[in-house]
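In order of appearance the chains are A, B, C, D, E and F, and numbering begins at 1 in each one.
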Amino acid sequence: MKLIVAYIQPERLNAVKQALYEREVYKISVTNALGCGQQRGYVESYRGVDFEVNLLKKVRIEIAVNDAFVDSTVEGIVAGARTGNIGDGKIFILELAECVRIRTGDRGAKAIG
Amino acid sequence: MTKGHPSTHSTVNSRLPHRVAPIALLAVLAATGVDAATVEQQAALEGVSLGINTTWVLIAAFLVFFMQAGFGMVESGFIRAKNACNVLTKNFMDFCVAALAFFVVGYALMFGTDAGGLVGTTGFLLGGLPVRTNGVPTFAFWLFQAAFCGAAATIVAGAMAERMKFHSYLLYSAIISAVIYPVIGHWTWGGGWLASIGFHDYAGSTVVHATGGFASLIGTIILGPRIGKFNKDGSANAIPGHNIPLASLGVFILWFGWFGFNPGSSLSGTSAGLNSLVAINTCLAAAAGTTSAMGIIWYVSGKPDLSMTMNGALAGLVAITAPCAYVGPGAAIVIGTVAGAIIVAGVFLLDRIGVDDPVGAVPVHGFNGVWGTLSIGLFGRKALLAGDLGGLFTGGGPKLLGIQALGCFSSILFVVFTMGLVFLIIKKTIGLRVSETEELRGLDIGEHGMESYSGFQIFVTR
Amino acid sequence: MTKGHPSTHSTVNSRLPHRVAPIALLAVLAATGVDAATVEQQAALEGVSLGINTTWVLIAAFLVFFMQAGFGMVESGFIRAKNACNVLTKNFMDFCVAALAFFVVGYALMFGTDAGGLVGTTGFLLGGLPVRTNGVPTFAFWLFQAAFCGAAATIVAGAMAERMKFHSYLLYSAIISAVIYPVIGHWTWGGGWLASIGFHDYAGSTVVHATGGFASLIGTIILGPRIGKFNKDGSANAIPGHNIPLASLGVFILWFGWFGFNPGSSLSGTSAGLNSLVAINTCLAAAAGTTSAMGIIWYVSGKPDLSMTMNGALAGLVAITAPCAYVGPGAAIVIGTVAGAIIVAGVFLLDRIGVDDPVGAVPVHGFNGVWGTLSIGLFGRKALLAGDLGGLFTGGGPKLLGIQALGCFSSILFVVFTMGLVFLIIKKTIGLRVSETEELRGLDIGEHGMESYSGFQIFVTR
Amino acid sequence: MTKGHPSTHSTVNSRLPHRVAPIALLAVLAATGVDAATVEQQAALEGVSLGINTTWVLIAAFLVFFMQAGFGMVESGFIRAKNACNVLTKNFMDFCVAALAFFVVGYALMFGTDAGGLVGTTGFLLGGLPVRTNGVPTFAFWLFQAAFCGAAATIVAGAMAERMKFHSYLLYSAIISAVIYPVIGHWTWGGGWLASIGFHDYAGSTVVHATGGFASLIGTIILGPRIGKFNKDGSANAIPGHNIPLASLGVFILWFGWFGFNPGSSLSGTSAGLNSLVAINTCLAAAAGTTSAMGIIWYVSGKPDLSMTMNGALAGLVAITAPCAYVGPGAAIVIGTVAGAIIVAGVFLLDRIGVDDPVGAVPVHGFNGVWGTLSIGLFGRKALLAGDLGGLFTGGGPKLLGIQALGCFSSILFVVFTMGLVFLIIKKTIGLRVSETEELRGLDIGEHGMESYSGFQIFVTR
Amino acid sequence: MKLIVAYIQPERLNAVKQALYEREVYKISVTNALGCGQQRGYVESYRGVDFEVNLLKKVRIEIAVNDAFVDSTVEGIVAGARTGNIGDGKIFILELAECVRIRTGDRGAKAIG
Amino acid sequence: MKLIVAYIQPERLNAVKQALYEREVYKISVTNALGCGQQRGYVESYRGVDFEVNLLKKVRIEIAVNDAFVDSTVEGIVAGARTGNIGDGKIFILELAECVRIRTGDRGAKAIG
């Protein structure tokens, strides 16, 4: 099992969800994040004082999948999130030691989906 | 001795009623043998009467000004957080630009000496005007009218929100307040051709609201819908407003301000009966509009949607604006109830035909402006209309309805044509619409370099 | 010639004071040999006087209407974000339903021809009423009273917030505005039995506030506390409001509107001295209530809690509502100070006895409504009361206090009994309370299918 | 018979104008042979005139009171969410403390019998005052003035926000409303030495705004900047406000309230022309200030910053406050335009010299208070000033400008000196500033133990 | 050492905290999340247009524990979060390579508690 | 590759970013969090009812780095976040199995920076 973490542009979230659905990945968790990467920030100003905002709004996605689904999940995220511009985001893949479904107490591969 | 504000104040305060008598009047009355005390009292009476009328008009003007805050809160609450500052800046500048433009040219075009029934021609920069107009100081009358002008202008801010360039908007705003609104206003309220054929619009369902509403319609069509509003198959997506409590406050402020807008239009605090009739009608039509919009959307969509309900209140208010002085409370309830149905149907219609009006400005101000104007031709009472025409359902035959339709549609035609031209020219020259990136990130950052809610975690996935 | 709004306007404006003289009066005066100019002026004077009184009542009515916005902001700000739309919709509909119901039946029950001191019986749909009531146009008087009715209804929205079904609420709202409030109002203001025994309630500490407050109390008892409000051992948990700045704006709006509520109750802009007394008393009692509530909660809990402080302002306002015309500024400060203590004690008391009133409506409107009403029996001045009774501490003996207590408690008894019945019947039939899932997720989604702050990240762990 | 509120009401309503005639006046007039009807009418006329003047003053007072809400929303919207409750509590208490302090001592010091041109000495607790003052009931006059006092006090809340201890603030607030403001007010409006040398300040650019603004300046200097406002090299960081829509609502409320502040200062609803002039000037100066501030910041920083634009509106309003009754609309636009430039320059200046004023209170109220006061010496018209002096650019020579400068700077000197002393003493004794931990976590939790937006996810990284 | 990540219903947070306290797990970190799992979303409507909300509000918990505590922690979360309804949530367990206490610079098992 | 997760005091975020910049770590992701650790909470009260707030506002940082950067990153976070007071926070280090740059499809060490 793997835990896939991805940072994407907020406005791509719906496309990513769509792409994952098509790949039969239905369960995801989403949080709001701020990211600082290659993408240049922008300048805000407030009553005459400029300041650079270099933490840009991103969306963080977390998906636990069985190993067989890793490739299609990654591919789905890329398909949905990619625009070709800097700031498109990153995907991180972690080894998932165990997974528990709270409702039933199921564990492992069975619990994940 | 205790005293208040200095010099001028004292002078003003000691200016007791019996001192304001115009000499000429005194002389005339004296010549006719009326004794001096009576003459003085007559003058004093007129002073007091002027005082109360001016007080009424000024307070009404303040209330109408305050509506600008209501528009701001409704417009910003009904859109996404990322564009709130932008629409608020537009709304702010609408009033400021309107005030300055209406001072320099607008008032003259609207209330100056009539030329061919089409436009006024005197009083630029308020120069050469009489001290009083319509029985109150010209400055008070100006303030009341300038606040109306600002309202007409800002209606468009909501309809074109979330995607229109700021400097293009400023240009639009200057043009509508300096020229378009004053010309339409002149036709009806400035002694123009609509006034002479007997067209009635007590407080502006057509002059203010249909003008703003149809400028919105043509503008939002030319501008195009927001990214993500419509799917490829033409079906509409909901893009919920970000701050409904703020919007609801805005609706309350608008309703409150409308009590200046409609009752204040008598320009006379001594017209006790008329003002009371207008006030009760305004209140009942709004209540009926709210209730009917809520009932209908509840029936149609299964839930009493608050955003639609609030639009129902505004719909009722817009609809009663023209007829408020010409109908009784029963008719006001009917007019408001129909307005509530129109707003629901109107919102659905625009979604169906692919027009994106984020706050519902077109059905609220445009469609209900038309309905309100026509309703005089249906429910208007002869006794209140002070002519010999009446409404269709009140025994007056179809003639008044015809006049109302003519007045309303010619005004709308004018605004659609001229504003359409303005928007098209802006589009071809400096551009109407921000870039896609800017629209996605939000106009607050793109146009103003600031955020509305700094520090708050806000999802901008839509 | 420049002109303003068309036809009717001109007519109205040219209707100079000397034209409004009723023919009859002219004739009478002429017959008594008073010269014509004087007679005309007398009529004119009465026209102007009517104008200023009507202006006063209308503006006061607008301010009281605006209080509805204040209620909405206080109620929504003091509860959790997930229920804000719901309470705002209730608050909106309270006014709309009240306006329509008060038009159809309420006004008749309250101000119609008295039957047995208990209820009015004429004037349904405002039919058959005289043009003027209490010296102002009946329509203006109606508007002022309708706004009061809306206020009484909406008090309950806050107390029963976050768990009551929307359609059950609508039913409650219609009943209280159509029947319960008008009947209680009739007793005191409509010439009913309380008026005849000399009960005093200038602007409604009992008629409006205790009515709303005790309807809240019985309602919230029958409805039960919110999930999570009380622990198993009976101790209370805090469920903090989600938007204190909004609530504080609401308090300011309420205070502002109260300047229409109390001073407007003279129904007369020419009562300069009375109106000024009422205004200063209103202001000082609110200031004293705020200060004392803040001081006490600071002393008790170690921090100057803003939510309690704001409730202190409202407590002072409610308490001064009945006595504002009958006491001097010094007594107003005392009344407000005590009100501030009552609100703190009241909030603690309700938490202790397991009654869940999310916004403090019961202690603010209920307990302080009682206190305000009784305070006339303590501090009322003979000269201002226009009878031969006075307050206990102002040399008037205990009789007035007894009458005040009788009036207040009988009104409360009536409301608790009737509204208790109403709530119980609703509970047994269509149900009072939403499901647990809906309560946890929030009524905004459950009842209205929408969110108050779309896009914002909000914790709903409570 | 239908009737309204009981006993007193009826009495009041039946008190028709012809009944209010003071007996003495009747006697005098009767003795001079004027017939009885005329005498009665004269008395009635004065009653009506008093009624309208009182109505005007009361409504203006209500509007000025409502400005307190505007201050609260602007101040809280322009700071960080973690300190919003704190500034709102301060703002609330400012008005309450001001009302009580102005009742007990402030009014006496300001409007009591003059001692040496420096201070009033009678009327503590409003004792021993005449029933009327400046032609209106003393209670109405008091309310209007008390609201001004609250405004002067609350200006400082914004400038010293986000770091000042709450109980120290309360102490400051009591001192400025009980003593400092009344003394300065006495000089100009209470018959003090500035009034006698012909200093003009119609509605308080100096008396209210410069007083509040320069108290802010000295206070914020003594208090020191917020953590993180300035870098080691002295350059300023932006600390954006957390709720710009709320702040913008606040600006609208302030503007709305200013229509009570300025036009209400005539204390006379019968001064139709004067009130209208003041109203139009107020509106145009605000519009010009907004427009020029937006234009300048756009030019300078490349974006039309809304926070600066809104400060421009307030700058225009402050600047026109003194001259609004003495100049024409054209000059009002010029005064507003310059005010817009002053606010931008002022904000930059403070950032440059290391003074941290979170909401811009110093440039808005302080710098523009000075500008407004001086502008009378530039643009004042003889005819309106009711003396034989006029402005420099209106043919009146430099003398009036000199008087204005003297009055303005001596008032400022007094406030800077006395308030400087007060703040230093507080600093040395109970302390001015919260601890660093508390400042970082926010004063809402530290001082009041509550959060403004419970449940919302808010970043507090700044 | 393990890093335990759990998604639970927001209103169960207090119960979970309580259950963990009882099991002597005192340190947790919480973030706001949106989740899309087996649980059906609900329909919102806005001015007449319906839309399905299928990202439901969840709370994400993160707890670093020594291996000895893993079972009791998981058990505690289940005890606090379980209602038996769909939407109760999931627990994911990751291998934790290292842990550092910023204040002291302590590392490993010592730093975790 | 490692995934470094750190919880710090919100007001230290800028200092941490600064310290990481100096150590040539430019890419970070940030989320808002609430933490419950050794640090005592504080008491809030609302209309007279006290309640203890023991979930304090924290900031969660996530940084993916190549193994060579782990030490300097950890050291940088400590340098920026440490005040010596309870509540300074924790750093957790996880093994990162894979990393993908969405824009280019790059994988592994190349994708991380």
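For the reader, a short list of remarks on this structure follows.
Everything below uses one rule, namely that a contact is a pair of C-beta atoms (placed from the backbone, for glycine too) under 8 Å apart; a residue touches a chain by one contact, two chains touch by 3 or more.
Since this is a predicted model, take the numbers as computed values, not measurements.
Where chain B touches chain C, under half of the residue numbers in use are shared by the two copies, so each contributes mostly different positions. Inter-chain centre distance (chain A to chain F, centres taken as mean C-alpha positions): 18 Å. Centre-to-centre spacing of chain B and chain D amounts to 30 Å, using the average Cα coordinate of each chain. Computed centre separation for the pair chain B/chain E is 53 angstrom, with centres defined by C-alpha atoms. Taken residue by residue, chain A touches two or more other chains at 31-32, 44-46, 50, 94-95, whereas all remaining positions touch fewer.
Counting partner chains per residue, chain D has residues 38, 41, 45, 48, 52, 55, 59, 240-241, 243, 246, 249, 301-303, 305, 307, 449-451, 453, 456-460, 462 touching two or more of them.
Contact annotation for chain pairs lists A-B, A-D, A-E, A-F, B-C, B-D, B-E, C-D, C-E, C-F, D-F, E-F, with touch applied as defined.
By the touch rule above, chain B contacts chain D in their complex via residues 1-18, 20, 35, 37-38, 41, 44-45, 47-48, 50-55, 58-59, 61-62, 65-66, 68-69, 72-73, 76-77, 84-85, 88-89, 92-93, 95-97, 99-100, 103, 125-126, 131, 136-140, 142-143, 146, 166, 243, 246, 249, 447-457. Interface of chain E with chain C (complex): residues 10-11, 13-14, 32, 42-46, 50, 57, 59. Put simply, chain A touches chain E in their complex at residues 3, 17, 26-32, 62, 64, 94-103, 105, 111-112.
The touching residues of chain E, counted against chain A in their complex, run 2, 5-8, 31-38, 55, 58, 60, 74, 77-78, 81-86, 88-95. Across the complex, chain C meets chain D through its residues 34, 38, 41-42, 45-46, 48-49, 52, 55-56, 59, 63, 80-81, 111-113, 120, 123, 129-130, 133-135, 141, 188-191, 195, 198-200, 202-203, 240-246, 248-249, 251-253, 255-256, 259-260, 263, 265-277, 279-280, 283-284, 286-288, 290-291, 294, 301-307, 309-310, 313, 325-326, 329-330, 333, 384-387, 453, 456-462.
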